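What follows are several structures.
Look at the two complexes coming up: subunit A is in both, with subunit B in one and subunit C in the other.
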Partner chain A sequence: MLKSILRSIFRGDPPSTRKGRSELVFYNFWLHIHPAKVRKEHLRLRHTGYLGFVSFFLLLILGVTGLALMFYYHPYPARAYQDMKDLQFVVFLGPFLRNMHRWAGQLLVVAVFLHLCRVFYAGAYKEPRQFNWVVGVLLLFLVLTLSFTGYLLPWDQKAFWAITVGTNIVASAPLVGPVVKVLLLGGHTLGTQALLRFYVLHVAVLPGLAAALVMVHLWRIRKDGGLAPSPFQPEESSPPARERPIPSSPEKTYGLMGIVTGKPAFEVLVPEEEEAVFSYPYAFLREGIAFLATSAAVMALALLYNAPLSEVADPSKTPNPAKAPWYFLGIQELVSHSPALSGILLPSLLVLALLLLPYYDGNPSRRPKDRLLALSLFALVVLAYLVLLLIGLYFRGAGWSWVWPWAKGTGGTA
Partner chain B sequence: MNRRSFLSLSTASAAALIATAGMGLVGLFRFLLPRVFYEPARRFKAGYPADFPPGQPVFLPLEKVYLFHDPAKGFSAASAVCTHLGCTVQWSERDRQFECPCHGSVFAADGAVLRGPAPRPLRWLEVTLSKDGQLQIDKNRSVSETYHLLVPA
Partner chain C sequence: MVLGLAVGQRHRGDRMRDWARLVFFLLCLANMVLLGLALARAARPGWAAYQRSYHRLEAQYEPDAAAKAAVEGTPVAIAQIILPGLQRVDRCTTCHQGVENPAMKGAPEPFSYHPGISRHPPSRFGCTICHGGQGLATDLAAAHGRVPHWPQPLLPSEYVRASCGQCHTKGDVPGVPELAEGRHLFDSHGCRGCHRLRGVGGTIGPDLSREGATRRDPAWLERHFLDPRAVSPNSVMPNFHFTPGQAKELTYYMLSLTGEEMSSYYTSESVIPSVPYGRELFARKDCIACHSIGGVGGKSGPDLEGVTRRHSARWLDEHFVNPKLVSPGSTMPAYDLTADERTALIRFMAVATGKDAEALLAGGAKSLTPEEAAVEAGARAFVHYGCVGCHGQGAAGGVANPNSQGGQVPSLIHVADDYKKSEVMAIILDGKTPAMANPSKPAPPLTMPSWKGTVNEEDLHNIVEYLWSLKPRGESSRW
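For the complex of A and B:
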């Protein structure tokens, strides 16, 4: 009886055989995004840093903890802050869940950014993976938007003023700015309507979009021929003809089977026996470790550090200094130097440059020594932003004036 | 069905589909744009002139307005919303200037930009006397920084 139930769920052969190990992946809805076999090289930590997995696991953690927090949260100014206090002091496991959600969110920004850097330095956005890079940049943008909308929900002073500044940056965009601001806030000032709108965006609209894009992102990895080989490999990795799709011809007719069996459009030829291992157990074991490490890191942070909560939002009193979340401080620093346009124009150009990168970067080589200009330009932009961010974080005090971090009574960090 | 009618039917269908999607977008846009704003009124009564003796400006927190009373010239009202990114500026009596805590803009007592990223001077708002004798401030009406309302005592 038990055996027949199990057989009805797991249809493949037992994983003691090679056929069974393939079927375990192939017949399983949750696992079949994996190939049955993976290259050994791609499982090495130094190949990817597992940054994509870490980002995905952080998204899972954020989804679960976020769902839990929703049970105790009213998106209404008179209640929102009280709910935060309840989560801090009354709700069982409330502080732990809130801390986890906050730190996982911040780690996600870091992980996604490092993931982007890794893919850039490996040149993995080049043909045939251009479109997946675009999806990835859109996901980065979504993560930042999720973080921005989530930042308002505690309805404390920091939230209120960070979002006031943020939405006014939006409003400074030419032509559409003021209308977009009203759409975003559901009014002209940050109030009841704005909190509700940010809540709906944060818990439904944006996670839905992100989930859809994540699915496309993962699916495209397979369809684009798996992970990109290391850029340091000798000759073999130079644009292989076999990664190109098989050209179609009007003289031939194709059935579905002609596409599905044989070599899928972009499939890299099945690696040699000694280069590849079965996904079960080799890849799954490592993914499991990555998941446990990510969860452990988030939980440790949640146990050690409490998510900040300042006083209840007061529209009539701007705290001094008013700082955005730390990863937006580079933009705030820029905005404080020149008109609000630099809060819109420069970031928009940057996002556009990132989105279109695979299409204007005509250099076919993925080897670092052939890409010195691209690599150093990228490093320069990242470094410039980091410097601006650190200035905003440690060197700005009351009235956004310059202070030395070691001087007494400085503004403190975000 | 011949080739010609098939093509024209397809074109018409495609056009109808695009038009429907476009109308959906316009509808969504209009749906998200509220018809009623539950916000503090843009034109409001601040109180009776006698409530505001000359001296330091009074900050009206709900409306974010500084009300000045000059003994010689009368009443004037400045918006406390920084013209840079909308933070609330604070009046410093010591330096007789407005200071923005967000990005360090500083405005003179007449609203002119002294320092920082603010692109425009602070807005001065029309102050009138309502029928019941209260000071009425209209945030929809900007006036020059020399505008004052003199109320005979």
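For the complex of A and C:
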């Protein structure tokens, strides 16, 4: 009986055979995005840092904890703050859930950013993976917007004024700025309408978009020929000697894709036996490790540090300085110098440059020594933003004036 | 886990050293431990221990072992008082379980009985409306509000009575003379000249309508009243040289100004119908002009000594509402009195004697000409709007205003010599910035604010009449 039930669920041969292990991946809805075999090289920590997986798992954790938090949250100002207090004081595991959601959200911003840096340094955005880079950059913006919309929901002073500052930065954009701000807030100031809009964006619109883009992002990895090989491979331009291209042939079936186009989108490079291992168990085990490490880190943070919650939002009491969420502090710093030029134009140009990067970077080589200019320019921009961010975070006091972080009582972190 | 164990099998072609299996297993353990820690923390809240101690305390009073065991085994649960009318939820009774149990008189904290709150039952008032603190919280430090980001810590016990003034905004509160005294000091010293309170007052100092909520710090407030610059060095507020007692009374009054939004249940009894309040009303309505007490006073109405023995309280109350209906042929006008005010008057009449009447007569219930009445009203308005705060008691000046001409806010005693009435009215309505004695120094801190929209026409005329009455006699040809 039990056996027949199991057989109806897992149709393939038992995983003790090579065929069985291929079928385990192939016939499983949740696993079929994987190839049956993966290169050993791609499983190494130093190849990807598993940053994509970590980001994906953080998204999963955020989805689960976020869903749990939704059971306790009312998106209107008179209740939202009290709901935070109820989570903290009376809901079973309430503080733990909120802390996990908060810290996973912050970690996700970091993880996605590091993932982008890793892909840039590996040159993995180059042909044929140009479009997946664009999808990735869009996902980065979705993550930032998700974090930004979530920031308002506790409805405390910090949330209220950070979002006030944030939306004012948006409003200072030329032409569309004021319109976008009104659309975002449902009015000209932060109030009931704004909280509802941020909530709907945060729990429905943006997660939906992110889920769709994540699916495209993962699907494209396979369709673009799997993970990019290491940029440190000695002979980059020609395929490694041990891989032999399978020529398209009329005698062989390639599955639906092959039938549709007549031949595979890319010539599949089948690695030699000693360079590859079955995804089951090796890749899955490592993905499991990535997941467990991520969840352990988030849980440990949630146990050690409470998510901040300041006084209830009071539109008549402006804190000085009012700071945007930390990852936008670089932009706030720029805005403080010149709202239109350095605050909006410069970041907009950078975003555009990031998005279109694969299309104007004509250098075909992925080897670091051929890309010194690109690498150092990128490092410069990242470093400059980090410096601005740190200035905004630690060196700005009342009236956005310069203060030393060790000077007492004047500074403050966002 | 299953996955991890399955890796134990070796297959042909798997040529990777597999340390990953161990890491996977250890991380599984780590995750379970972390989840276990979170569950353990959630399952053992601090308040549950307090409740179990309370149940043990209660069990002492049970006669037999079975009853004791039953009480001790009472399941623990968060207790909360939901107060929609006060926009609060108070969970204080989660630990303070004995608050309404007289058997807990003298029990150790946090279980002791709270005496004297029969008129303000916790079920309708909760705890935090008087004591402050964080009602939503269920752990000690957070509930007592002594944590960052909670602006209302518990009030020190000697200031808790100040909270009575949140609802009892008029008259005096028995047992809290400080409130009425503080309110009186606030009015008589012209604080409204600079500070706005419930929509009336100047704009030089901060609005005080929510001062008790935003600055819930009695020590700071008291030091501030004794010397404003001791706690806020750039304050332009003059030092009024209050005594420590007065500073405390003003602090009480400030603490009562929380601007709390309450439903009508809580605001309906803003006045406590006490004897002193009845006496105040009796004087304000000038009852002694027609009535006598113990033979002292006016003769056109009946003597009021023993009136509460002659008539029931109900009769007197209805008589106040419509004298002619209850007592045909009465010439007494129907005054517009609230139920509390009628009760207060009846209570005062029950204890009033001839001595009270003499005191009331000495207090100056004299008939006034329209001009004198205007001057009198003007003098009251001069205090009510806080003009005395800067222009001094009796408009005699004396409040320092550095770098203005003369270095002081001007005295208004001689204003009739230098200005026309219309000019003074214009200054009151439009405000005025004093000329600087030395243009290179900072501008004088105190300026005459614009009173347009705040002072009505009648008060404006009365204030001017009052100022004109101040001119010392025989000095009209001074200039």
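In this text, the second predicted complex is superposed on the first by the 379 of 414 C-alpha atoms of A that agree within 3 Å, B and C clash if a C-alpha of one lies under 4 Å from a C-alpha of the other, contacts with A are read in each partner's own complex, and residues count from 1 in each chain.
Methods note: a residue touches a chain if its C-beta (ideal position, glycine included) is under 8 Å from a C-beta of that chain, and two chains touch if they have at least 3 such contacts.
Worth saying up front: this structure is predicted, and the values here are computed from it rather than measured.
**Student:** Once subunit A from each complex is brought into register, does subunit C clash with subunit B or fit beside it?
**Tutor:** clash
**Student:** With the two structures laid over each other on chain A, which partner does A:193 touch: subunit B (first), subunit C (second), both, or neither?
**Tutor:** A:193 contacts subunit B only, not subunit C.
**Student:** Counting only touches as set out at the top, which of subunit B and subunit C does A:337 meet: first, second, both, neither?
**Tutor:** A:337: touches subunit B, not subunit C.
**Student:** Which holds for A:299: it touches subunit B only (first), subunit C only (second), both, or neither?
**Tutor:** second
**Student:** One more residue to check, A:15. First (subunit B), second (subunit C), both or neither?
**Tutor:** After superposition on chain A, A:15 lies in contact with subunit C alone.
**Student:** Between subunit B (first) and subunit C (second), which does A:86 come into contact with in this model arrangement: first, second, both, or neither?
**Tutor:** second
**Student:** Is A:310 contacted by the first partner subunit B, the second partner subunit C, both or neither?
**Tutor:** Only subunit C; A:310 stays clear of subunit B.
**Student:** Looking at the overlay, does A:282 come into contact with subunit B only (first), subunit C only (second), both, or neither?
**Tutor:** Touch status of A:282: second partner only.
**Student:** Per the contact definition in the header, classify A:168: touching subunit B only (first), subunit C only (second), both, or neither.
**Tutor:** After superposition on chain A, A:168 lies in contact with subunit B alone.
**Student:** Where does subunit C run into subunit B after the fit on chain A, at 127-135, 163-171, 397-405 or 451-459?
**Tutor:** Stretch clashing with the third chain: 451-459.
**Student:** Where on subunit A do the contacts from subunit B and from subunit C line up?
**Tutor:** Looking at subunit A, the two contact sets intersect at 317.
**Student:** Note which residues of subunit A are touching subunit B in the complex, please.
**Tutor:** Subunit A reaches subunit B through residues 161, 164-165, 167-169, 171-172, 179, 182-183, 186-189, 191-193, 315-322, 332, 335-340, 343, 398-401.
**Student:** Applying the document's contact rule, which stretches of subunit A touch subunit C when the two form their complex?
**Tutor:** By the definition above, subunit A touches subunit C via 15-16, 18, 21, 40, 43, 82, 85-86, 88-90, 92-96, 156-157, 273-274, 277-278, 281-282, 284-286, 288-289, 292-293, 295-296, 299-300, 302-303, 309-311, 317.
**Student:** Taking the complex as given, what residues does subunit B use to touch subunit A?
**Tutor:** Subunit B residues touching subunit A: 29, 32-34, 37-40, 59, 61-62, 64, 84-90, 99-104, 106, 116-117, 119.
**Student:** Okay, in this complex, where on subunit C does subunit A touch?
**Tutor:** 3-4, 6-7, 9, 11-16, 18, 20-21, 23-24, 27-28, 30-31, 34-35, 37-39, 41-42, 78, 89, 91, 134, 136-139, 142, 149-151, 214
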